[in-house]
Each structure stands twice: as C-alpha cells, then as structure tokens.
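You will see chain A twice below: alongside chain B first, and alongside chain C after that.
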Partner chain A sequence: MNLTLKIWRQKDSNAKGQMVDYKVTDISEHMSFLEMMDVLNEQLVNSGEDPVAFDHDCREGICGMCSMYINGEAHGPDRGVTTCQLHMRMFKDGDTITIEPFRASAFPVLKDLVVDRTAFERIQQAGGYISVNTSGNTQDANSIPISKHAADEAMDAATCIGCGACVATCKNSSAMLFVGAKVSQYALLPQGQIEAADRVRNMVAQMDLEGFGNCTNTGACEIECPKGISLDNIARMNRELMKASI
Partner chain B sequence: MSGFFKSSIGRKVAMALSAFFLMIFLLMHVSVNLLSVFSEDTFNAASHFMGTNWLVQFIMQPILIFGVIFHFVMGFVLEIKNRKARNVSYVSNNGAANSTWMSRNMIYSGLVILAFLVLHFADFWIHEINVKYIAMHPEDPTRYFHELQEKFVPIWRVAAYVIAFVLLGLHLAHGFTSAFQSLGATASRKKTLQNIGKAYSILIPLGFIFIALYHHFNH
Partner chain C sequence: MALNSKIPEGPIKDKWTNYKDHINLVNPANKRHIDIIVVGTGLAGGSAAATLAELGYNVKAFAYQDSPRRAHSIAAQGGINAAKNYMGDGDSTYRLFYDTVKGGDYRSREANVYRLAEVSANIIDQCVAQGVPFARDYGGLLDNRSFGGVLVSRTFYAKGQTGQQLLLGAYSAMNRQIARGKIEMFNRHEMLDVVKVNGKARGIIARNLITGEIERHSAHAVVIASGGYGNVYYLSTNAMGSNATAAWKIHKKGAYFANPCFTQIHPTCIPRSGDYQSKLTLMSESLRNDGRIWVPKNIEDAKALQQRKMKPTDIPEENRDYFLERRYPAFGNLVPRDVASRAAKERCDAGFGVNATGEAVYLDFASAIERYGKTQAKIHNLENPSKEKIYDLGKGIVEEKYGNLFQMYEKIVDENPYKTPMMIYPATHYTMGGIWVDYNLMTTVDGLYCIGEANFSEHGANRLGASALMQGLADGYFVLPYTIGDYLSNEIRTGKIPTNTPEFDEAEKDVKERLHFFINNKGEHSVDYYHKKLGKIMWDKVGMSRNEKGLIEAMAEIKELREDFWKNVKVPGNLYEMNPELEKAGRVADFLELGELFAKDALHRNESCGGHFREESVELDGEQKGEAKRNDKDYAYVAAWEYKGEPAAAVLHKEQLEFKDIELKQRSYK
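Take a look at the complex of A and B:
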C-alpha cells in the first residue's frame, strides 16, 4: 500500500517542531508499524536526510519503549497493543497517517517522536518497591499465603509496562493509571503492607511534583492502555491515600 | 489531613464530596418542586416551611451557597491546572475513540449550568431575599405557587431552563459515577453505581423539565 505520513519533526528539545509530510510506497499489510517507519528511515538515509527518531526496543510489546500517537490515539487505532504490535493491516492504501510524540508537559520532547519519560522512574523511586533483606536469608515468597483473587489482581496491575500511553491519551495528561497500577501491585500483597502508607503518599507527591494533571475519570487511559490496566487501580490508589492520610 | 487536600487526589475527593452534597440537594429540590404539579396547597406549605424555617434559611442555605461556589471554583482551578499539564496540543486527537463527550466536556456543561444559575438566582433567590429581608413584606403563605407559575409563562425562559437541564443531565451522566470513582468506590459496585447514575442523570433533569413545561402550558 502507498501512504502519506504526517510526522512531527523536532531537531532537539529546544527547537520548535513542525509536522512534515512524507510518502512511503509498497508497504506490506503484514509489516508492523515500526517496520513501516524503518522503511521510511531507510528512504530518508538514502536520500541524505535525517531519519525520524523514535523509541523502540523489544518490539514484542513488553518493554514499553515505543510511544507514538497515531491518528489521534496512543499506540494507534488497535486495542491492547503497543505501537510495535500495531500492524499495517489496520490502515488502507492511500491513507494519510498522522504521527506525533506522546504529549505532556512532564514528558518533554527530546527529538522528533522521542520523549523523556524519566518522570515515571522518579515516581517509582519515590516508593514503587518493597524493602527486602537480600543477604541470602530472604523468605520464600511462596511460603506466604495469598488469596488467588488478590494474586490475580496484583499480577494484572503489575503488567503495566510504563509506556505512558495513559498520560498521552488523557485530556489532562494525568499519570494516575500508571501510579494506581504501581501502588496497587504492592497494596494487594502482604509484602507491600509495611510500607503501604509511605508508598502511596510519596508516589502521589512525586506525581504531583512532576506536573502531571488530575484524573477526571474519563476512562480514556483504560481503553488505550496496551495492557488493559483497569481504572479500579486508580480507585484503589485513592482509597490507599485516604487511608494513609487519616 | 490538610496535606491530603493539597494533593491532586485530595482535590478530586473534595470535588466529589461537594458533588455529592449538590446531588442530594438536587433530589430534594426536584421533590419539593414536583409537589407544585400535584397540589397547590402542599407546594405552598412546603415552600413556606423552606422559606421561613431558620435552620433552612440561616444554616442550610449558606452551606448550600458555599457548596455551589466551592464546586465551581474547584472545577475551574482543576481545569486550569490540567490544561497546564499539556503545554503543546496534539495536531490530531481522537478523543471520541476512547471516552464519552460528557466526560471530556464537564467544564462546558458546568459553564452552562453556571450561566443558568445566574438566571435562576435572579428569577427566584434575589426575589425571595428582597421580599423577606429587604422590602420586609409580610409573609403570604399562598404566594409561592403563583410566583412559580408566573415565571414559566414566557417561552424564552422555559427554553433556557430546558436547555440548561439537558446540560445538567449530561454533566450528571459523567459526574455521578466519577464522584464515586474519586472516592475509591470498589469494582464490585461499579455496575450498580453506573445504573443508578444513569437513572439519576435522566430522572432529575426530566423532573425539572416536566415542571417547567407543565406550568407553561397550565397557567
């Protein structure tokens, strides 16, 4: 198929960016979206132009690195997939595809489609962990009884890959689905109870400090999340913070 | 606890609590007004009680006004903060793909309700304050029904009220469940809350619309 791409080009974090049009031809519907971007970049390199910078790593939907806003949606029009799992069969011959970086004041653009998502790492560092003695005497986690329901919910929350699609798609650039998932994965398990109050307080404080917006419960994040992280995690985070504050 | 209300989640909770308060008030308001459809005397008696009872007038009324102002001011503060959280807008953004119009436009439905409240206060509240506390007219317990009916004679006012109530319905359609979510409602009750929210957001505005139309066509 032949496509017109409208891509955000920005030389560096200080430069003013703009949308630039490109044509790509003979794109197979079996290609992934990133393979299509590889074809474009090969074309650009061969003609002596600067290739489009974009984040990617595992290309299996696991690492959370790819981060494109395609035709007005985080990770494009498909559901439950990251950009690397999006296939060109979702588009038609002759389509015009708009490709932008994830937008949020807390995710500044570094170059073209690459954004700085280290704000998520700082939120994790503020409390997204449990303190365990790893000297060799660590208790086997399997010896602690955990209900199947709690284990399943904790696992569901832990599938968040921190890609930032929730922030990108939220009209308020809120990070509450991400933080809700990270708080929940520990709050649901006995190992996470000891530091639960400090964890939620510190992670929410860091989230606010980073300049993310406030959740207005539109539910867009849940729909666009490639891992299907539920809004219930935000409700749980709210309960955890209320519990920690009273 | 004061630190809690300075956090983003604390502000959400404060917004939800003021919303609950206003939703309870709306239920009471529509219930009293519906009496005007069934019985002139009962409506007058209820209105006389509400208009002269010191607890309603000097305790509940100021709390209500504070609740309304708080909800609007907090709504604007959160909207400004949220807009700052995205300094560059998308060239192409397909919000309809993942969220409802109501959820994305609470600020606009809220602004219409605010504009309506200006008209509503001018129509009823300022009149009441003038009659009771400025002009100091002697209380006539039978005046309320006729005053209400008289207001709904002009078609422009009925139209303005109907439009405002439709927007109120849209605001409530998202606001009801959103308030519960902000307060951390558990997943097991989600479906029930959604159904109650749907019923509430349709029935309350429909009740107000019915009252306005009823008095317009039966004066």
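Take a look at the complex of A and C:
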C-alpha cells in the first residue's frame, strides 16, 4: 500500500517543531509499524535527508521504549499493543497517518518523536522499591506464602512497562495509572507492607513535583494502556494514600 | 600470556566457601573512596550496580536506553532456574550443576558452574524479598515449570514475563541506591572505549546520546555487563540496540574473546515474513512443556500446506510426524535447544516445512488444551462434559500459563494459536561465547571484569533454558561483589583516578576520530545495508550448520564487506546531536570485525559440540547415527583469542578443561 505520513520533526529540545509530510510506497500489510518507519528512514538516508528519530528497542512490546502518538492515539489504533506491535494491516492503501511524540509538559521532546521520560525514573527512586539488602541473607522464599490471588493481582500491576502512554493520553497529563500500578504491586504483597505509607506518600509527592496533572477519572489511560493496567490501581493508590495520612 | 583461570583448590563442594573465607576485604570506610564503573544495567549489570553500591562503593552505571529498566533482559520470557527442590522431584545443587555441564556439551568450567548452581537457590529468596511476583500455586507457595534438557521442574516464572519481573526487581534495588546517591546513573550513554593506565582498567570514554558530547569517566575498576552479540546475524531475538561494542572494544584493549562460535539458535521463534523484517520474536521455550512439535509425515501434505491448499487441522493424527518425540523418546519435545533446532532444520531441508517459504514447523497445543480441560472437568465435578466445555476449560489454563505469548503471536502472525497450531522456526537467540574471564570474573586485563551474557563462562557450547537469568543475577548479586573486593583491597590507597592524563586524551582522540570519519565519509550505502549483508553471510555460512569451505568463504566475504563499509558507508547528521544512525554505524563496524573472528573460531573447531555443528563431524553409525560428534581428545578446551590488529590474525590461547566431578560422555537425550 501507499501512504502519506505527517510526522513531527523537531531538531532538539530547544528548537521549534513542525509537521512534515512524507510518502512511502509498497508497504506490506505484514510489516510492523516500525518496519514501515525503517523503510521511510532508509529512503531519507539514501536521499541525504535526516532520518526521523524515534525510540525503540525490543520490538516485542516489553521494553517500553517505543512511544508514538499515531492518528491521535498513543500507540495507534490497535488495542493492547505498543507501537512496535502495531501492524500495517490496521491501515489501508491511500491512508494519511499522523505521527507525533508522546506529549506532556513532564515529557519534553528531545528530538522528533523522542521524549524525555526520566520523570518516571525519579518517581520510582522516590519509593518504588522494598528496602532489602541484596546480600542474599534473606529468608527462604517459601517462608512467605502469598495467596495466588494476591500474587496474580500484583503481577498484573507489575506488568506496566513504563511507556508513558497513559500520560500522553490523559488530557491532564496525569501519571496516576503508572504510579498506581507500582504502588499496587507492593501494596498487594506482604513484603511491601512495612514501608507502604512512606512509599505512597513519597511517590505521589514526586509525581506532583514533576508536573504531572491530576486524575479526573476520564479513564482514557486505561483504554490506551498497552498492558491493560486497570483503573482499580488508581483507586487502590488513593486508598493507600488515605491510609497513609491517618 | 598464559591463561590462569584461578580456580580455588579443594573439593568442588567447598571451593566457593573456602574462597570467600580467605579473600581480602575492603573495610566500609575505605569503600567510600573507591569508584566502580558498571556498563550495562540488565540483570547482570543492574544487580551488580545495586549490590556494589549497597556495599558502599561509588558506582557509575551506564545504559544506552533511557532507563535501566529497558535493558534487553526485560524481554526474557520463560523463567529462571534454581535448585530449590520445592517440587521434591530429586533436584539438588549437584543435579543442576550436572545438567548445566552436560547441556553445555562439556565445554564449560566445572568450578564456575558448580558455584552458579550453589548460589541459585539464594536468587529466588532475594527476588521474593524484593517483591518479585513469581507464579504461585493455590497453597500460596511458589510454582515451577520444566525447561528443555532436564528431568526435573526447577524453573520459577512470572507468567511469560520472568525477565521483566526480575529486571524490575534489580531496577528497584538500583533505584534505592540512586536515591541514596550511591549510584550515579547515566542513561542514554554509550561506552565507546575502555581506558587503561599502567595495564589496569581505569575508566571509559562514553558518548552522551542526547547531546553527542564525548565524556571521560574514571574508576578503580570497570565492569562490562553489556549483553550478547547475537545481532551479528542482523536478525535475532535480541533488541535492535543490542550490540557487541563494549565487549569488542575491551577485546581490542587486551581482553581475550572466548568461543565466539558458540551461539544458540533457538528452536521456537516466529518465522520470517519478508525482506523488511527487522527482528525475530521468540516464543518461549516454556511452550514446549505443553506444545507438541510436528510436521506432516507425507511430503504431499507438506506441499499442500506450503501452497495453502490445506490446513494443519485437516491432517489426521496418524499422518503427523512428531519428530522430536520420535527421535528422542526420553526427552521428547523438551530436548535441549541445539538438538531441537537441528531436528527442525533437518525436516525443513527435507521438504517438510509447513509455510510458504518451507521454513517452519508446527507447535501444537490441541492435546494440552484437551488434557487440561479434562482435568478441570474432573476438579469441577462435571459429568460428561461436552467437547466445547473441555476446550473452554483447557483453553483457560493454557491462557493463564502462556496468555501473553499467545497474544504476541496473534498480533504478529494474525492467526489464533488456540485454534490452529503455531508456526515456528529456529532463530539466533543467545551467545554462549564472550569475553574470557577467570574464576573471579576478571578478564585478561587487570581491574576489568565481565559479567552476564557478555562473558563466556558457564554455558559451554549450549545454554539450557532459564539459565541465563540465573547466571546474570548470580554474577551480579552474589559472585562479583566478593571477587571484586579481593582486587580492590589493593586500591584503598590509590585515591581518585584523574581523567586529565595522556591515556584518557588518547582514548578520547581515537573515539572522536572514528566518529568524525563516519560523519564526513558521505558514502553510498546506509549502515543497515551493511548490517543486512553481514547477517546473510553469517546465517548462510556460520549458522546452524557449518563446514570448512563455507567458513573460509565467510571469512573472506566478511573482510571484503568490512573494507567496503569503511569506504562507502553513509551516515547522515552530525556528531553533537542525537544521531541514531551514527550509533548504529559504530556498532556495525564492530560486528564486521567480530563476525570474522566468529567464523575463524568456527573453522578452527573441527568438532560438533552444542550449538556449533560441523558437518564434517557427525556420528556415522549406531544408535546415535546422524547426531553431532564431539571430539574431547582434541577440543576439550576454551578457545580464547587475543587481538592482533586484524580478526584473522587473532592468536589462539587454550584453557584446557578438566572434568573431575563429571564424567565426560556423549550427550544422549534418546
């Protein structure tokens, strides 16, 4: 198929960006979206132009690097996938596709479609861990039985890949889904209880400091999240925060 | 230089304990004055950085991604081994040790493997304490599954995302130390050279991938944890950015490179679909617990499948060839990876492949769904359940175990694997070879360490499933923190290492010159053009099966390609900006050298062992007819190559392997 691409180009974080049009031809429906971008970039390199910078690495939906806002949706039109898992069979010949970075004031653009998501790092550093030493002198793993239900729920929360689609989707640029998922993972496990109050307070404080907005329950984040992280995690985080303040 | 593997004296069971009891330690007050650089934040680098920082050293950690959490360890699916014997099925430290040495086709160092098996159980304790949500049974205890090449269930897992959960555990431990200021994290930084001062590793030159700035960083010791070099094949299950640059750069500065030809081709990956393909996707080995691998018995059926005139479900049971179950009744679908890959290739080469290119076999879950469905029906006391009910119940169980893998498959192939068998084909996955290290995990350069997939150590010529995660975390959490202390105990009076010295000047100059060359060359072909060509040579001639003629040709072709690269490569943009093409150029330049050494190593090793299959070396008769033939008399050694200017000129050093605790025998999975 032949496509028109409208892509956000921005030289660096200080430059002013703009949308630029490109054409690609002979795109196979079996290609992944990023393979289509490879075709464009190969074309640009061969014609002496600057290729489009975009983040990607694993290309199998798990590292959380890829981050394109495609036709007005984070990770594009398919559900439950990252940009790298999106396939061209979702588009048809003659389509025009707009491609922008994940936008939020806490995610400044570094170049073209690449944004700076280190705000997420700092939130994790504020408390996204259990304070055990990695010395190996811990108790036997099976001496902490955990109900299958709790373990499975913690696992579901821990599935978050830190991509930031929730933030890019939210009209308030809220990071509640991301933070809620991390808080929930530990809140659901006995190992996480000891520091639970400090953890949630510190992570939420850092989240506010980074300039992420508030949650107004639109639920858009849950719909666009490639890993199906549920809104229940936000509710759980709010409960944890309440508990921590009494 | 003669290789000294520094294996401690004493019986194998006591070596590590004795070693730990007698090494020199650095007191806590002195650790504050010692800096360590860790390149890589995957399971190996991440766990090392966290532990070293916790011990009190000042750590600087580097990753090319925008967060430590995105290292390629995140993609590991199936699980992690540990000799916990929670299942009571006869597992033990010795058995894990034995399985690993045997699985590696007797080309690994006994003492290292034993230590790995010994610390394995501790890894699970550690990870659970960190909040890693491993799968559990209804009693609340940890669940296990089975992986290839073993007869026990010792694999711990977190759905099909074990690597992700373990890495997030190590990442959380890192975050704790970053918050305390003990780790300084350099995201989006790429190490481009190591700096040696008076023969010791004292720092690195790195490029800030956002600004393009070239930076100097000094330390008392440098740890390389940069992962494997599978991308030398262009297509592999590795991440797009996975590269050999850090390892290759230290090789050029004196670290020997061991067994580069020992590479794992994983049997269960999604087949290629076209020339535009940028990477291959693994379907975890855990699927072989429940999936049965087959091709049609009759060539006419295979032809019909290739032309899409028939569906797999049209082929009745009696016309299916479950070739692994047929050839290896004892291990069946759970034979080790090298054996499974070759068997699939053999069937496809004989014309029995099942997709349009003839390069695919089936991995079928129909019988597992039925089996689980029937058990569930019993548990729920259903009398005479319908076929559909059984299917639904069974599907539920399969979904719980492998849901994310099935979803991944469906997204890529656009077929529903609950209804029709998956199609799979072998692909490059893991590199057993890597930087040579001694028992201390130190390379042939003083103060320069190498851990995780980047080193050559524990897996011999073939790695067993779920053992890479185990090794990475063992190295980082439990081994390196001891061994590096022994070395650093001599550094307490050294003081801060300055970076304004001639050694740093020179290393930085070389790095800059190379980068300027790329930018200014304005050649004809893109970096990918060369990478793809290299990949094709590697796959065709240094791939799943190798012979003398092909290997000689490969060496010449790679050299020629490399020369063309240095004349005609085209890199757009500038040095001092974010420039992904420039990053790739440096990595491909290194692959173009490594590829040739790889072929040279494969050529010199005229035996078949593990993932290295030489067509000249097969069993000619008896029960093992057609199986790989190892040659212990001539090749029971580690081939460690010393850099001498050109890959072809590399000099071979042999570390003879001694097997005192395990008898050397032919590997049989029959």
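The definition used in the following text is that the second predicted complex is superposed on the first by the 243 of 246 C-alpha atoms of A that agree within 3 Å, B and C clash if a C-alpha of one lies under 4 Å from a C-alpha of the other, contacts with A are read in each partner's own complex, and residues count from 1 in each chain.
Convention: a residue touches a chain if its C-beta (ideal position, glycine included) is under 8 Å from a C-beta of that chain, and two chains touch if they have at least 3 such contacts.
Keep in mind it's a predicted model, so treat the numbers as computed, not measured.
Looking at the shared chain after the overlay, A:195 reaches neither chain B nor chain C. Of the two partner chains placed by superposition, only chain C is touched by A:39; chain B is not. Applying the stated contact rule after C-alpha superposition, one finds that A:223 touches chain B and leaves chain C untouched.
In the superposition on chain A, A:57 makes contact with chain C only, not with chain B.
Of the two partner chains, neither chain B nor chain C is touched by A:95.
Partner contacting the larger number of chain A residues, of chain B and chain C: C. Of the two partner chains, chain B is the only one touched by A:104; chain C is not.
When the shared chain is aligned, chain B comes close enough to touch A:69, but chain C does not. On the side of chain C, the complex with chain A involves touching residues 47, 50-51, 54, 65-67, 69-70, 72, 74-75, 84, 86, 119, 122, 124-131, 133-142, 158-159, 161, 164-165, 168, 171-173, 175-176, 178-179, 185, 187, 210, 239-241, 273-274, 276-279, 281-282, 407-408, 411-412, 414, 477-478, 526, 528, 570, 572-573, 577-578, 580-581.
Interface of chain A with chain B (complex): residues 6, 8, 19, 69, 71-73, 77, 98, 100, 103-106, 109, 169, 171-174, 176, 204-205, 207-208, 211-220, 223-224, 230-232, 234-239, 241-242, 245-246. Within the complex, the chain B residues that touch chain A are 1, 3-4, 7-13, 78, 81-82, 84-95, 97-100, 103-104, 106, 174, 177-178, 181-187, 190.
The touching residues of chain A, when paired with chain C in their complex, are 11-12, 28, 30-32, 34-35, 38-39, 42, 44-46, 48-51, 53, 55-65, 78, 80-81, 85, 87, 89, 110-111, 114, 116-118, 120-121, 124-126, 128-136, 138-142, 144-148, 151-152, 154-155, 158-159, 161-162, 185-186, 189, 191-192.
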